[in-house]
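This report refers to the structure that appears directly beneath it.
Per-chain numbering from 1; labels A, B, C and D assigned in written order.
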Amino acid sequence: MIRLGLFGCGRIGRVHADSIDVHPQAELAWVYDPIESAAQDVAKQYGATAAPTVEVALDDPNVDAVVIASATPTHVDLLRRAACAGKAVLCEKPIDLDLARVDRCWTEIAALNPTVMIGFNRRFDPSFREVHERIAGGDIGRLEQLIIVSRDPAPAPREYLAASGGLFRDMTIHDFDLARFFLGEVVEVYATGANLVADYIAELGDIDSAIVVLRGADGALCHITNSRRSVFGYDQRLEAFGSAGMLSVGNQHRSSVRLSTATQTEAAPEYLNFFLDRYTPAYRAELDHLITAMEQGGQPSPGFSDGREALALADAAYESLQTGRTVRLGRRVSEV
Amino acid sequence: MIRLGLFGCGRIGRVHADSIDVHPQAELAWVYDPIESAAQDVAKQYGATAAPTVEVALDDPNVDAVVIASATPTHVDLLRRAACAGKAVLCEKPIDLDLARVDRCWTEIAALNPTVMIGFNRRFDPSFREVHERIAGGDIGRLEQLIIVSRDPAPAPREYLAASGGLFRDMTIHDFDLARFFLGEVVEVYATGANLVADYIAELGDIDSAIVVLRGADGALCHITNSRRSVFGYDQRLEAFGSAGMLSVGNQHRSSVRLSTATQTEAAPEYLNFFLDRYTPAYRAELDHLITAMEQGGQPSPGFSDGREALALADAAYESLQTGRTVRLGRRVSEV
Amino acid sequence: MIRLGLFGCGRIGRVHADSIDVHPQAELAWVYDPIESAAQDVAKQYGATAAPTVEVALDDPNVDAVVIASATPTHVDLLRRAACAGKAVLCEKPIDLDLARVDRCWTEIAALNPTVMIGFNRRFDPSFREVHERIAGGDIGRLEQLIIVSRDPAPAPREYLAASGGLFRDMTIHDFDLARFFLGEVVEVYATGANLVADYIAELGDIDSAIVVLRGADGALCHITNSRRSVFGYDQRLEAFGSAGMLSVGNQHRSSVRLSTATQTEAAPEYLNFFLDRYTPAYRAELDHLITAMEQGGQPSPGFSDGREALALADAAYESLQTGRTVRLGRRVSEV
Amino acid sequence: MIRLGLFGCGRIGRVHADSIDVHPQAELAWVYDPIESAAQDVAKQYGATAAPTVEVALDDPNVDAVVIASATPTHVDLLRRAACAGKAVLCEKPIDLDLARVDRCWTEIAALNPTVMIGFNRRFDPSFREVHERIAGGDIGRLEQLIIVSRDPAPAPREYLAASGGLFRDMTIHDFDLARFFLGEVVEVYATGANLVADYIAELGDIDSAIVVLRGADGALCHITNSRRSVFGYDQRLEAFGSAGMLSVGNQHRSSVRLSTATQTEAAPEYLNFFLDRYTPAYRAELDHLITAMEQGGQPSPGFSDGREALALADAAYESLQTGRTVRLGRRVSEV
């Protein structure tokens, strides 16, 4: 049995509490949130104890791992402290909005050889994962082109977006990681964007629609399409085109029902609404991966360097957006 | 080049005129219709000549074949006369509404060994035909269950239906033939029906909705679902279920466009509207089959006996509808 | 919190244990199975206690309800005893293979006004349920034709089938109930079948393939297609055709991945394998329905009379199979 | 009746001959090809006359229009001569590989106010056209993102590609025009590519895989994905994403048949193979558009300037490919 502490009891924190709850080898011991009532709510719902401070959880020798689902600016500090306390860590994305802070964090904890997993849940979506496995199994030959479409149902509120680090660090970062999952290292980034959805996003100096083009080290091309608003629901699709075929993943509907009437045929119902529905199995598989790694003594993946690289791609995307140029990536995490 | 005469210049007659027009080895020589203006219209449109009488066409030694697309009661007479004149015949379904008349007709012409094809166009639909070929090729092993759905967009007017011979002889007859195409001989028929669509059909003493169950000589089961009204358009589907898999044919849309909005996803446009659209390729392939048979000296299929057997199944279906019993079929056309 | 006892710890018993385990208002108190080790396994896995006898659970005043998932011949006895002990009951289908025993059981317990629910899980499948709600909401006008396809992946072993009561009582009974869910009372049954799948089924005197035709009291027609073997997986589909449109439910795939290669396009992976996968959400919703009914003081549905009527339809189907005739149903459970 | 001359009797010339043949208001009078036997073959098949020289057709006062389907280097000369002879022109893409030659051609003929249509057939594909009309009708609100996938089944031979002007001028040019059809004017181009398919393409100094990103004057973003090889067939898809929904066009299959077996489900057959099959209706609608414009006295669209602009986008794409930078487009054809 793996005993866990959870830092952060907001929307995403509750997702993790739920995953821990249904996992047969996991037990939620402590929950912490600066808003005490939030911590108590989650503690009550899942049979855990609300910790008055983070230390209480980190000092508990019976805690094996912590999930960091708090506000982004707190991630690196919590991650460092958890690593120093010898706990395994599942940290939500992004590690931080500042690559330099991320690198400093790693410098401080690398010697501890910590068990760190970054919460890029898409790698654990059963359909995306199946595509990854079938490519490895040779179903489409060599991967040549990867198309990722990722659109949110509706933009987050102004306050959230103001602190989000911008589209590429907040939203596209999932797609950067997904691209790396399929392409391996990325050597070129081009990004362009537009303000089409909401005026307040432009006022924040950010874009709300984007197209990003990547080139992998092995020559495969990838493009990512993002929007902060999709009226027909969470739009999460992927196509992997190869020398011998194509594997694609479409959106998932609320049910299998189709309606034909005098004006249209075979209309499907809404897509699964946002990440809480769409990626429930992914969040659970993500936790399971960490627990399996802990029990078998290996390093979970995606790890710290994957979190670092996805952020580096986001930075490169902003550089490309500003310069209109392809940005070539040279540094590797191993050189940090 | 095959020169043809066309008897009947109504809606279905024009379909055949069109097929002849686009066929590179066919030429429409004569057209006849009791309504002279109808004949002249078709003659003008397709570069043929309106014949004052049927004899003019049948006496023309340069005419190789005739298409009988006139009113059903005229079929057997025209078929007999055409056969006696040594013309090949493509006769629309049904041969007649009265099985005894059909059998007399055959008795009169059998010795001539005439080239007769019955217009069961569904056998020539590219998708249905592909299923037939792939079953023969072993794609699904042994055929065990066949599901046919056949629904018209809207009921024909009262006058048409009053002379139609009823649902089973007018509409289901296509499905009976399609079932025979897949099952071979049918040994049992059960039929039930209902009046759900239009009062005037009940007033005519006919049903407008039906379910028919068939058993083939080799043991396969089949059911047919009919309705005189489908608000979402012409509903023409088939599933062939076998010991090693299933081949299915869905409906065909007007275009490949799909629409997703805030209330539904991936809605397709209307289906191809009724037989003029849905079965255009089938009508053309049907004519081509006749012409190929004529040029190569073989008998086209479906032939006279197929027309006879489909009508016998319609009769059996009415008997079952009235008695509530399974009707077992013993006679074969070869015994007639 | 509802405390439950579970009678029967085989495959279906474990499904119910799992549903109880994940339900926030349910707690599994006792489990019983004549094979003691089976009971102990389930007890251990779900934190319950293995009861040495059924009485121990029935005598426990803290037990609110029991789930009867034992062998069919034990159902009526357990159901009667549970009702007499004042427990609510969720009884797996069929209540019994003998309609007379079913009716006697009801005679014995009717005065107790027991809370009895029969485990016709398909009514709780989210997609089937959505179709039911949307018909009620007017999406397709009046229901005219219902098409149910229900095929198992592979036939059960000889020993299971020998005691199963035959295809109609064991497998089609789900479809009979589903038909009643949509049609209301059924007034006519026709059934035909064949032996196409496995010799040992014929040796048992049963069929392995069937087509059943039903007529509802309001005039709608329905047909059911069954097979004991579907090589492409559990085939569970439904089409509801109405005066203003059609609602359909297709099969559910293991994932959303599609593959296109040089020989085919858009091939989907396997369907969800058998009822444990396909109907997991249905089993959970079924239990939730019972618990909600208990908490709110109402009667759950489907109830005892629904279990009785589905069995009566199975009996009628066998009568039709033997006589080749439509069987008209007159008796109603209220007349028993 | 419109009488036409056809210059070029290769593969694409035959497509146009076929469109003319089936058009009720069109008649193919002359055909010319430098390979005399090719001209005679087409002349014979379609009942036209092989012209010994281009002049014979251009001098024929009964010729109303010419179709230029000859080798690209001959286009501008033929186009100029046809315009000077007062003939309407349907010219295959590209007008020329050299933008300066294209502009000189227009300078020479502009004063004649010629009727010139460029053969961008995709605008006339029924599904793409329907999307265009439904966007105009408000189905998806404001267009924000356009995704075009265009992949050929297999690369053309070395000799063809050597003279093709490269991927962007030969193949992507169709997508550039399609993008302009939806976006209006394009103000930014970014392009990247790779050599993944065939060594001989790299040896020719060209790419075989590409991603192109465009920005329209109204702010919409577009990306185009190209490959010279798609083993699963001609891959021609489009998604138009807007503020109120999405319209998409998938690939078109050879038939409606789907196969389910023990290893996969609902596998569709091959896609329509290459442009001769996929775009047959588009070629016919394209010709019909020209004929309708001629009969009604208007200018057909896409016109000369559309051909010019698509080529300008191809040039800009090559500039971007070489520099790694976004290319901003300032000039408009009206300024030429």
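Brief remarks on what is shown
Throughout what follows, contacts are C-beta pairs under 8 Å (C-beta built on N, C-alpha and C of every residue); 3 or more make two chains touch, one makes a residue touch a chain.
In this text the structure is predicted, and so the values were computed from the model without any measurement.
Set side by side, B-C and A-B show the greater C-beta contact count at B-C. For A-D, the matching interface among the pairs B-C, C-D or B-D, defined by over half of the contact pairs being the same residue numbers, is B-C. Chain B has its Cα centroid 58 Å from the Cα centroid of chain A. Distance between chain centres (mean CA atoms), chain B to chain C: 41 Å.
For chain C, residues that reach two or more other chains under the stated contact definition are 231-232, 244-246, 251, 259-262, 269. Interface residues of chain C facing chain D in the complex, by the touch rule stated above, are 231-233, 251, 253, 259-271. Contact residues of chain D toward chain B in the complex are 22, 126-127, 130-131, 134, 139-140, 244-252, 255-262, 269. In the complex of the two chains, the chain B residues touching chain C come out as 141-142, 144-145, 147, 149, 151, 188, 190, 192-197, 209-211, 213, 215, 219-221, 223, 225, 227, 229-232, 235, 241, 243-246, 324-326.
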